[in-house]
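Residue numbering begins at 1 within each chain, and the chains themselves are lettered A, B, C and D in the order written.
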Amino acid sequence: MLPLLVSVALFLVWPIVEAIRLSFVRYNPLRPDDQPFVWFDNYLFVLEDPLFWESFRQALVWTGISTLAQAVIGVGLALLLHQPLRGINAFRGLLLFPYIVPTVVIALNWRWLFNAEIGIVNHLLLSAGIISERVAWLSTPDMAMASAILLNVWKYTPFVVIVVLARLQTIPTELYDAAKVDGAGAIRRFRDITLPQLAEVLAVVVVFRTIWTFNKFEEIYLLTRGGPGTSTYNLALYAFDQAMANLRMGVGAASGVIMLGLLLAGSLLYIRLTGFGREDRAA
Amino acid sequence: MAVKVSRRAALGSALAAASTLAAPAIAQTRERVARVWGEPGPYVGVFTNALNEWAQRNAPGLRFEAEQIAWDQVYVKLTTDLAARRPPALISVESPIAYQLAAEGLLEPVEDVNRNIRAAERLVDGFKIDDFGTWKGTQYAVPLHHQGCLFIAQSDIVQEAGLSDPTNWTWQDLLNAARTIQQKRPGMAGFTMALGRNLCGDYHIGQFIWQAGGLTWDPSRNFETVFNSPATIEAYEFIKELYAYMPRSAVEFSFLQVVDQHVTGRTGMSFYWGRTMGRAADEAKPIYEKMEYYLNPAHPRTGARWSWTDINGWVLPRRDNPFIREVKEALTQVMNSTEWMARYSASLFPNVGPVFKDQAAAPALQQHPMYQAKKRSVDVIFTGFVPHACNSGFELRKGISPLAGIAHGRNVWSQVAQRILLNNESPRAAVEWGHRQFEDIRRENRRLLG
Amino acid sequence: MSRWAAALIYAVLGAVTFVVCFPLLWAISTSLKPKDEIFRWPPTLIPETITFESYRELLFGGAVASAPGAGVPPSAYFMDWFVNSVIVSVGSTAISITVATLAAYSLTRFRFRGQRAVPYVAILGYMIPSVIFVFPMFLTMVALDLPDTLLSLILGYVCITLPFCLWLMWAFFRGVPIEIEEAALVDGATRLQVFRQIVLPVALPGIIAASIFSLIVSWNDYLFGRVFMNSMDKLPLTVGVMHFFDGTHVDWGLMMASSVLMTLPMAILFGFMQRHLVAGFGAGAVKG
Amino acid sequence: MTDVAIRGLSKSFGTNRVLKALDLTVPSRQFVTLLGPSGCGKTTLLRLIAGLEQPTEGEIRFGERRVDGLPPGERNIAMVFQSYALYPTMDVARNIGYGLEVRGTPKAERRERVGAVAKVLEILHLLGRKPRELSGGQRQRVALGRAMVRKPDIFLMDEPLSNLDAKLRAAMRGELRRFHLDLGTTTIYVTHDQLEAMTMSDLVVVMNEGVVQQIGTPEEVYARPANLFVAGFIGTPPMNLIPARNEGGRVTVEGHPLPVAAPAGAPAELILGIRPQDVSMATPGEPGTIPGKVWMVELIGSERLIEVEIAPKVRVTAEVRASHRAALDDAVAVRLDPAQIHLFDPASGQALPREAVREVGARPA
């Protein structure tokens, strides 16, 4: 058992150690035999690169709006899906469905839906009179970011729904009865009972979604490749682009390590929020 | 090595567990596989078939296998596989990258192959062997095909707009035509080119820069960065003017979207290589029938009609390549076969231009229905443009530059355009930004220049 | 609840469901159109002519032997890719779940040094962006002489799915009272029997949730497939279908048909397992 | 016919010694209760006997067979857990038959034996259900059935009734006792509830802090507690334990002489123990009584408890008929039945020899 765990840990830890090592060398992948140690040059390069900061800002926008939208829509949907109505299970199934749709599929679908020339979205909006000329969804910086965020929200809101729904099902109905006896209306009951009960799980979900959205690579890469221009770059794309297209493995690794640091901070926040592992200590 | 061994030991148990579960996944034959990299498209497959024909007779147990590398994936694959010291046996890659690899010293000299196939004598007029990838006097590439980027117009639309014969157009005529078409045909773009941050954007933009007389690095002056010339700025200013008559989404266009636009009748004119005609023939007969290829519109002052041309040759990775001898023999055999070379060129007509005279004259090409139907256009694609062929690694035919491949990896040319079109930077400022990028590339890779 | 409130909820849910399902409905619609109809403007919402040509090409295109003078179209590899994806996702899931189950069990049942750190490490591993380790891992695969093999993908996916599976199983085993194992020991069962007959059945919902998660991740991955694999016939589906963009041409009908076919196995799995998914993910939270 | 002999058994978890060189013999066919407060080591002892824990030192024998190295499955024991530990994924029949299943008992025989047990326990109609579909009492019976079906040498029961409501618990006490009488299997029963221990056991082992305090029949541990711990732990309401003195061979409480002689060699300071049932109310001033004030009165059904403060912070509880009325702060007196007085050495906590306690000038005890 233990050797198995150790080998798995090695499999997992080794690449990270290797990434950290790479971040301290200059490494042109075309010349793998030549890797001089350059101290913090790669980090300095990253921190002085305006594109890094642009990517960072965009990553914040992309992460912030996506996560917020996911949380709000997710809680709303979970509340609706929690109602004891006939056929609610069918809705549950359909609304959770996007979570399992492969990223490649949804990115392709998005490119097809939002195709500026013959995409159905433009057609529907044009015929509904909402827009008067075709919108170049994926080639206007703001619209491209909006499309990417929309994709992310579409695909991952079900995750929030799943978790919130699971939590809603554990709230004792006595609480609501007590509130009703106390004369609280529906809105007050939501504010004073549901929301506080959801607070903890919501915090966890938001931290998770934040970290994960922040790290997302494939969604953006497959949808816009960071474009138009560099307007949908995030740090993952930046790291990938530095390493692969710019042949600067070291710089790519350094930006990866910076991301790793940010995620460590996020994880600490998560551990704080949940008191993760605390019960373990008591046992 | 020590690290590697301990890693192996540590992974042993995980692998043991994995392999029992994944037995079918690793059950592969122990034949020797020589990997061949090429663009997507049938021609690499055809050439691989030819190589395998040789292998069956002369090298039992050896199999060539084509790996299609999409244009935008070239760098990912190149980076990972070369870094991992497992290059393919044979590569057909866009010429600037081939030049870069040659200068990096990663390639096997191929004078012997070129001699054995009498490449110098057979080459079509206007090309020299050195154009395909000779660095410091050593030949690293075996001529394979050429693809020049040209100007495509729909003759019916041009006539309807009352425009002159595009053969003699200048930039002003192009701009005027684009405007006119856009006005006369609502919902249709006047002109389409790629302006996305991708290779295609780089190529299309490059043509304008050279036509105006600009270039990126000057080989005659030790590759000094000369991007920020008035000519370059003029080219970008012109692109900005022209963009008014392009689809809005041209700023994200790459190869595919440009062809899509033209073949589905949503643009009157575009830049592209031979493939647009091939696709129109497959999918849109009415458009195909009215489609004509021309040399690029001339710059009004310089009169230049430069065409971004992939002067494509086979290159062989030198290190970690156990197949060099066999690949050379196979290449010699296949490329001496006019029949195979014609078949290669005909497999995606007229996308891959013939590099050898005997190949160009072969019945498979001469009697191809598309050649019969579109003789004038195909002649432009196959031979007419050759005097105007250059590319970003062979700017203005002044000399091979190993830096262009790197710059394409970063799409600096199209990034400049994007700064102008998307961020509303002034062309001068954007060009200065580009100049700094190019200068960085030159500084970082000075060792390549020797 | 009043009838009006119920009607309102149905209306909202119906609208949201339509929006959520629209991309896939549109994909299905496109996949059934003949090629000329796909590019028509204005687009037809429901295909005027329904054709299964795209599906036929994907499912049976591989059967067409290529002539020596013609290349093989990427669509001919579709079934290969499909099988590859099945092998790698099932294979990596099997390994991940096996290791995670055994490891999580020993974590909650046996004492050893550093035990408490393991869930922390797992949760960290669970958050690391794969873009960081895809390249070093590729070098590792090369060192192990595994690049361009399905096994390398399996191992790669094990790495990205294992931390979460471990964590989920750990949460599950913590909820399994040790008394039932002791009861079984008293009943005379061996440790192995206890694990197989008592613990595993109890942990089954967790195993199912972790398996679904692992299947989704490995079935959906693009990055590892892109970097690790070269040969056309060894690609996973996600990487393979990108070859339908051949630079100058994309057949959206083919693309959408493959989208539908790629989603189908997951959708079927999801249909059967949806209940467990909610239950299992309720126990922890989920990587996405 | 298996007795259990435990010699010098110790168990430590880290530095925490839970059992301290414990000796105990459980005679064959007896129903023996391990009684003690939580944390006294009784559950650990049971788990050691079951083989779920390994002793730090000492030995355990079942009859002639030394078992402390054997895994639980080879000891031929059956155990009922506090939480019942029913296998949640198996139905009742399989739960009961699982021990037979892993031993390879043929299916037909298994079904027959499970059926027989289920019939006795009156759970035949539940055989197809899963544990989560059962009520607490039903689960308890299933757990019992699982233990019974294998005809083990020894039954081990770990507080099996503690999760039931009061009424059901009372009923199950009787049933368990009845099953034991029918089966005659040596049974070790862990509880912290003295009522269970008193009503069901042949022998009670009172434990505290990892040490056996007293072994005896329920009557013995009740009537003759061996030490202060047992005296205070056994009996409801608990025994009055009040400071007393040995003044020249005569026992006095707060200066009031009692008609009880201190045994020879008794220390000057004593602790006097007397159950509330053996305390009666008297009028102040009567000889042999101790005066005080009523401090608290509680009705507990047919009886009433009157707590009398005989000195600051020293109180004696008397259990009297409910008809006896008393008002708070009434001046009263209590009379201690001399025959029921227990004397303890406060230093060692041990009871002074019972034979030595004599009622002064009265009949022998």
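Brief remarks follow.
Rule of thumb we're sticking to: a contact is a pair of C-beta atoms (placed from the backbone, for glycine too) under 8 Å apart; a residue touches a chain by one contact, two chains touch by 3 or more.
Just so we're clear, the structure is a prediction, and the values are computed from it rather than from any experiment.
Per-pair counts of C-beta contacts peak for the chains A-C.
Put simply, the chain farthest from chain B by mean CA position is D. Averaging Cα coordinates per chain places chain B and chain C 36 Å apart. Centre-to-centre separation between chain A and chain C, using Cα means, comes to 17 Å.
For the pair chain B and chain D, the distance between C-alpha centroids works out to 92 Å.
Centroids of chain C and chain D (each the mean of its C-alpha atoms) stand 58 Å apart. For chain A, the set of residues that touch two or more other chains comprises 4, 8, 11, 14, 117-118, 243, 249.
Among all residues of chain B, those that touch two or more other chains are 7, 11, 14, 17, 76, 80, 83-85, 260, 264. Every pair of chains meeting the touch criterion is listed here: A-B, A-C, B-C, C-D.
Per the touch definition, chain D reaches chain C in the complex via residues 47, 50-52, 71-74, 77-79, 81-90, 98-99, 102-103, 146, 150, 156.
Residues 177, 179-180, 182-190, 193, 197-198, 201-202, 204 of chain C are the ones that touch chain D when the two sit in their complex. Chain A makes touch with chain B in their complex at residues 3-4, 6-8, 10-11, 14, 27, 29-32, 116-118, 134, 136, 138-141, 144, 224-231, 243-247, 249. Chain C contributes residues 1, 6, 9-10, 12-13, 16-17, 20-21, 23-24, 26-27, 30, 39-43, 45, 99, 102-103, 106, 112, 116, 118-121, 123-125, 127-133, 135-137, 139-140, 155, 158-159, 162-163, 216, 219-223, 237-238, 241-242, 252, 255-256, 259, 262-263, 266-267, 269-271, 274, 277-279, 281-282, 285-288 to its touches with chain A in the complex.
Across the complex, chain C is touched by residues 1-2, 4-5, 8-9, 11-12, 14-16, 18-19, 22, 77, 80-81, 83, 85, 91-106, 108-110, 112-113, 117-118, 120, 123, 127, 154-156, 159, 162-163, 165-167, 169, 201, 204-205, 208-209, 211-212, 215-218, 221-222, 236, 239-240, 243, 249, 252-253, 256-257, 259-260, 263-264, 266-267, 270-271, 276-277, 280-281 of chain A.
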